[in-house]
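What follows is a pair of complexes built around subunit A, which joins subunit B in one and subunit C in the other.
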Partner chain A sequence: MYKRIIALILINNGIVCRTRNFQPDYMYSDEFIDGKYFDEIICIDVSQVRTDKSHSLFLEAIEKIMEHSQLPLAIGGGIKSIEDIKRYRKFGADRYVINQTEADSDTFVEKAIKEFGKSSIISSLNHWGNLTYSNGVNTNKVLQQRVHQIFNNRGSELLLNSVERDGTLLGFDNANAETIANTYDLPLIISGGVGRWSHIFDTLQIENIEAVCTSNIYHFTTKTISTWRSEVMSKGGNVRIV
Partner chain B sequence: MPSSRPRISISNEGYCNGCIYNRTKRENIDWDARKNELQLILEKSRNENSNKTYDCVIGWSGGKDSSTVALMLKKELGLNPLLVTFSPLIPTVEGEYNRRSLHFHGFDSILISPNLKISRYLSRRFLTERGDPKIHWNAGINAATINIAYSLRIPIVFYSEHGESEYGGRVLNEQSIKERTIEEILENQIGDDPINWVDNFVGINDLDPYLIDGERISKIKILYYAHYFPWDIVKNLEIVENEISFSRNKRGRTYGTFTDFDSLDDVMDDLYYYMQYIKFGFGRCLRDCARQIQRNRMSKKEAYDLISKFDGEYPETSIPVIADFLEIEKARLTEVINLHRRKDIWNLENSEWKLRFPLTITDV
Partner chain C sequence: MEPKVNKNVTILEVGFGNLPSLDRVLKQLNVDTKNVESAQDILEAEHLMIPGVGSFETAMNYLNQNNYGQTLKKRALELKLPTLGICLGAQIMFDIGQEGKIMKGLSIFNGTIENLTNKLAKKKSHTGWDKVKFRQDFLGVSENENIDFFFNHDYIMIPDNKDDISAECDYGGNFAVALKKYSCYAVQFHPEKSQKSGLAILSNFLGLKHV
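For the complex of A and B:
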C-alpha cells in the first residue's frame, strides 16, 4: 500500500483560507489550487457560523477546485446527520469526514458507517498535545482514551488534527501520533503543522500512519510536491509515482 | 486597518490590534528604562570573540526608517553598525541616492545581490502562485543579515519595527514584539520555509541567499529598534532629512497613495502594493491614511477623499519595467493579477472589476 499525501483545503464562507490554531487568518483566491500531485483532496468547511448561504458558497468553492482535479474527494465540516452526507454524496464526494472529538457523535457515526460503509467515513479528532480539543478550548479528556473509544466503534480511517501545530510550520505532532499509532492497529491520517518536506517524510516513516495532510500554502507549491515525491522515492519511500 | 489585512485582529469596539498596541505603547512606556534594557543586552552580548569593528548589523534599505535606526543607534548609543542591504529586485534611482547619502554620512555597508536568474524565476512563480512577487526577497533580507552577523561574529541584528504589533497582525507571543525569531520569519514574514522552493529549475544551492538557518539565529539576537525607542514614521522622515540629503519620489507622489517618502527603493513595490489591493481590497493610500489617523494627523474626511482618489491606482509606468524583469508578457501579467481577485471582494460588472464593498465615509 502506498502512503498518501492529502491536500486539506479549508474553506471559510466559500473562500480558501489558511488557519493558525484553527482560526482562519489568510484568504486566498482559489484559482491556483492544482491537486494533481496529491493522492486525495479533503475539503473542510471551517466557517465560524454555518448557514445555508455559507453552505452553498462551500459547495461552489469545491466545484471550482475539483474542476482541475480527478482525485478522490472527501468533504467535512459540520456533518451532523445522514441527510448532510447524502447532500455531499450527490455532489460527488467519495468520503465524509465526521468530527468525533465529542462522544455524542458516536451513535451517528455508527449509523453512518452502517448506511455508507466503513471506507466512506473518516473519523476526525481534534487535539492539543495529548488532550482532545473541542469548541475552541482544550478539554480535560485524554486523546488516547478517546481514540480507545473510537477504536471500539471500529470506524474507518482516523484523522488526527493537531490544533496546537496547525499553521505553525513546526512539523507534525509526531509524539502523540506515534503513541496512537503504536497502541492501536488503526489507519491514521495526520494533520497540522507541516512546514517542510522532510516533516512529511519523517511522519510517514511511522508505521500505521497511512497519510499526512498538507494545508495552507502547500496548495500553491505543486511543482515542489512533484520534486518531493521523486526525492522520497529515491530514499526508498513508499509513495505513488505521479 | 481593515479586517481583510492578514492575521489582524479587530476588537469589539472596532479597533485593530495595531491601534490598540500603539495607544497603550505611547501612553505607558518608560523609554529611559527601555533604553537601559537595551544597553544591558548590548553589554551582555559582547564577548572576546565578538567583532572588534562592528557592534551590530542593521537590515537596511536606505529608506527613512532603516536609515533612522542607523543614525539613532550611532548618535544615542555610540554604536558602529554594519548596514546590510539585500538588493531590491528592481533598484530605483531614489533608493541608490539615499543609500549613498548615508554612506557619505559615515557608515559601512554590504550589498547582497543574489543571482537574478533565480530571483526572476522565484518572483514570477510567487506572483503567480501567491500574488506576491517579493516572497523570496522577504526571505533574503532576513537571511542576509543573519548570515553576515553570524559570519563576522557580530552578536546583534536590528530591524526597524515589528509590523504585526505596530500595524496589525498576529503577535506570536510577548517576546516576539522585542525579538525576531525563526517562527516569526517563517510564519509571518515569508509564510513558508525557503527550503521548500527546490524544483526542476531551482537547486538547493541556488537557495543559499534565502535559506533561514535556525542554528545561526540561536547564536545572535535579532532586535526591533522600535521596541526600545519611540517609533513614528513621519518623525523618522524628519530625522533623516535633517541629517542627510534624502530623495523623495521623483514622480512627485508614489503610485496608489498621496505620500512621496515611503518604500522608494524598489520598482517592484508598485506591483506589491497593487497586489495588496487586488487580494485584500485595500491599497497603499488606505494603509498610509490609517497610519496618519492613528497619530491624529489626519481627519477621517481627508482620509476618505484621498482614498477615493488614489487607492488602487494602477502603476502604469512601472508595469512595463516589472514585466520586463519578470520576463512575462504584459497581457499575461494582467491575467495573473486578475486571477488573485477573490469573489468575496470583487465583482465583475460589464467587464469591469468593482469592489463589492467600496469604502464609505462611515467606514473610515
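For the complex of A and C:
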C-alpha cells in the first residue's frame, strides 16, 4: 500500500486560513490549492464559535474545494455528538476526525465507532513535544500515555498534530512521532511543520507512519505539491503516481 | 476529463453510507441520481449502484426488513440488469457475513466475508491507495493492467469460485477486490474516491447496455 500526502485544510468561518502554533495567521484563497496531487483531503472547521451560519460557510468552502475532486474527504472540527457526524456526512465526508486529546471524549468515541464503524473515524491528538496540548496550553499529560489509554477505543487511524511545529516549516516532530510508531502497531497520520519535500520523504520512511499532512506550504505556489511528490518518488519514496 | 454521460442511475444505500460523497462525483459526470424507495425501483432501474459503509449485519437487516434482498437477487440473477456494489454494497452479495453476528447475504456470489486479520498477514485496516492487479477485463480495464484505487475496509471478500475474480490486491497476501457475474459487479475499492481511474470505472458501468 502507498503512503499518503494529505491536504489538511483549516477553515475559519468559511475562509481557508493558515495557522502558526494553532493561532490563525494568514488567510488564503482556496484557488491556490493544488488539489489533484494529494491522496486525501481533510477539512477542519476551526471557527471559534460554531453556529448555523458558520456551518453553512464551512459547507460552501468544502463544496468549492471538492468541486472537481474525486479524492476521499475527511471532515472534523468540534465533533462531539452523533448529530455532528451526521451533519458532516451531508457535507460529503467519507471519514470523521474526532479530537481525543481529552479523556471526556472517550465515551462519545466508543458510541461513534459502534454506530459508524471504526474505519469511518480518525482519532486525533494535539501535542506539544511529548505532552498533550489542549485548550491553548500544553498539559502535564504525557502523549504516549494518552495513546496507550485510547489504543483500544479509537478510530482506524491516529492523527498526531504537533502544535509546536505547526506553521514553522521546520519539519515534522519525528522524535515524538517515532516513539509512538515504534511502540504501537497502529497507522499514524503526522501533521505540523512541513517546509520542504525532504521532510515528507524522511517522515514517510518511518514504519507505521502511513500519511503526512501539509496545511500551509501548498498555498505558496500552485506547483508545490506536484513537484514535491515527484521529488519524493524519485528518491524511492512509496507514494503513488498521480 | 472523462467523456460526460447523460444518464440516470438508481442508488440503493446500505448501512451508514457515504451517499452524499458518491452523489457529488456522479454530478461531476453529469449523472442524475434517484434513490430506491420501493422494490419496484430495484427491478426497473436501468443501472443500480449499491454504495455503503458500516456493518454487514446492519446492511442485511435493512434489506430484509424492506424485502429488497429477494428483489436484488431477481434483478441480478434472472433479469441480469447492470448492478454495481461498492465496498459493503459488494460484500452483501456474498453467502455469509461475519461482521456483527453471522448473517446470510444475497448469495449472488458464493463465498464469505471475513475480517482481513484472519486471512492476511496484516493486523491493521486496509486504508489508503493500493495497486489493483486485473486478471480479467473489467468495466473498461483490460486484463493484466495494474491500476491504483482508494480502499477503506476491515473485511474482505473470499469467493469460492476463482473464476468470479476479476482483480486482486496484495496486502499481506492476495485477495479479491473486483468480481463479476452476469451483469453484477462487485468492487471492494471506492471508484468514487479514486480520481480518473475511478471515473473510468463508473463511466463504463453507466455505459453498459442490457442485452
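The rule we apply is simple: the second predicted complex is superposed on the first by the 235 of 242 C-alpha atoms of A that agree within 3 Å, B and C clash if a C-alpha of one lies under 4 Å from a C-alpha of the other, contacts with A are read in each partner's own complex, and residues count from 1 in each chain.
We adopt the following convention: a contact is a pair of C-beta atoms (placed from the backbone, for glycine too) under 8 Å apart; a residue touches a chain by one contact, two chains touch by 3 or more.
Only a predicted model underlies this, so the values are computations on that prediction, with no experimental measurement involved.
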- [ ] Name the contact category of A:Glu210: first (subunit B only), second (subunit C only), both, or neither.
- [x] second
TODO: Could you look at A:Ile190 and tell me whether it touches subunit B, subunit C, both or neither (first, second, both, neither)?
DONE: neither
Open item on the list: In the overlaid three-chain picture, which partner chain does A:Leu73 touch, first (subunit B) or second (subunit C), both, or neither?
Closed with: second
Open item on the list: I'd like to know which partner A:Gly92 touches here: subunit B for first, subunit C for second, both or neither.
Closed with: second
Task: Touching partner for A:Val163 - first (subunit B), second (subunit C), both, neither - done: neither
Task: Partner contacting more residues of subunit A (subunit B vs subunit C) - done: C
- [ ] Please indicate which partner A:Phe116 is in contact with in the superposed arrangement: first for subunit B, second for subunit C, both, or neither.
- [x] second
Open item on the list: Going by the contact rule set out at the top, does A:Gly14 touch subunit B (first), subunit C (second), both, or neither?
Closed with: first
Task: Partner chain(s) touched by A:Thr227 [first = subunit B, second = subunit C, both, neither] - done: first
Open item on the list: Quick check on the output: what are the common subunit A residues between the subunit B footprint and the subunit C footprint?
Closed with: none
Open item on the list: Please output the residues of subunit B touching subunit A within their complex, sorted ascending.
Closed with: 4, 6-7, 125, 128-131, 170, 183, 186-187, 191-193, 195-200, 279, 339-344
- [ ] Over in the complex, which subunit A residues touch subunit C? Could you list them?
- [x] 1-4, 36, 39-40, 66, 68, 70-73, 89-95, 115-120, 156-157, 185-187, 210-211, 240-242
Task: Residues of subunit A touching subunit B in the complex - done: 13-15, 18, 20, 25-29, 31-32, 167-170, 195-197, 217, 220-221, 223-224, 226-227
Task: Complex interface listing, subunit C residues touching subunit A - done: 16, 18, 20-21, 23-25, 28, 53-55, 123-131, 148, 150-154, 171, 190, 192-196, 198-199
